[in-house]
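In the two complexes that follow, chain A is the common piece, with chain B as its partner first and chain C second.
This part shows the complex of A and B:
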């Protein structure tokens, strides 16, 4: 799943390790989510949304085209 | 916008690292305990008393065996429970895949080896050999899923 996590993180000038600390996950988890190799659970996605003050659908794109 | 204060390590992360470090320390203790067994094996192989490579047939005293079994059979499971209650979800995902593929490696290899041994194509199936293959596959899948 595509997402804007890397952009949002860069806007705040946070390293992957800093974001990982704020989300209480490993740096590898942040990297895997940013590169689309791992899709976070709903609780973690909500946590990410709260941290950046944005709804989940503004951060994650499931590429659903409505059909 | 920049807010680069790194938050302190969470209680979850502290327990996570404690379980890893404690497992490492216990592994070192186990290694030190088995070192004399390996040393004796090497000496026996050099003197021709025992063929080289027959590690699992090397003599071991019962006290050492009990201590190693307590480390592996009691302390390690307790640390595993602590560890798995405190890993993050991406690592747990890696563990689940590693466990599944490691399990498949064992249940595929064991019968194949057994039937080949039955037909006298290969030597008798070696339970520790199958265990080690399963562990290697498990570790490889874990590293791939967690760090790729």
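This part shows the complex of A and C:
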């Protein structure tokens, strides 16, 4: 699953550790999400959405084109 | 992220230090070393004191599986609350690898025994295989990602 987490984080000039602190997860978890190695759980995805003030589908793309 | 607190159903609170992947990467070297010792264990089946009938085996093992299984469910729930989702997913996926590898190795060993004079695998050997494949699964998912 692709995501815009790295872009959103860079826009706010946050480090991975800073974002991890705001989300109450480890820096490794943030890194794994950004590099596409881990798809976050629904509660964590909602938390990310709330933190950036955007709906989940604006941050995460399931690459499903609906066809 | 370093510390947390969980409240049990009956109001009891417990503080804990949250497990991180950084700590787990190092910590899991210990079970890998232990599994090496378990796999290399040469059992002395001659020491077996008694034989059990199939009924007796069922009577002992099924309740044991149910009771220990329930305890494992409770422990797993506690584990989920004490660790972040990423770690829990890493360990859960790695555990699946551990179970599959154990079953497949046992099956392959059983087939090989039909053709070669191989000894039986002991419980110690099997536990070692499970632990080692679980740890290997963890490190695999850490390197390649949970979506691999």
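One rule holds in what follows: the second predicted complex is superposed on the first by the 67 of 67 C-alpha atoms of A that agree within 3 Å, B and C clash if a C-alpha of one lies under 4 Å from a C-alpha of the other, contacts with A are read in each partner's own complex, and residues count from 1 in each chain.
Just so we're on the same page, a residue touches a chain if its C-beta (ideal position, glycine included) is under 8 Å from a C-beta of that chain, and two chains touch if they have at least 3 such contacts.
These numbers were taken from a predicted model, which means no experiment stands behind them.
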item: Touched partner set for A:13, first chain B, second chain C, both or neither; value: first
item: Partner chain in contact with A:24 - chain B first, chain C second, else both or neither; value: both
item: Common interface residues of chain A - those touching chain B in one complex and chain C in the other; value: 21, 24-26, 28-29, 32, 37-38, 40-41, 44
item: Touching residues (chain side chain B, partner chain A) in the complex; value: 1-4, 6-7, 9-10, 12-13, 88-91, 93, 146-148
item: Chain C to chain A touching residues, read off their complex; value: 1, 20-22, 84-87, 89, 144-148
item: Chain C-facing residues of chain A, complex; value: 1, 20-21, 24-26, 28-29, 32, 35-41, 43-44
item: Partner chain B, residues of chain A touching it in the complex; value: 11-15, 17-18, 21-22, 24-26, 28-29, 32-33, 37-38, 40-41, 44
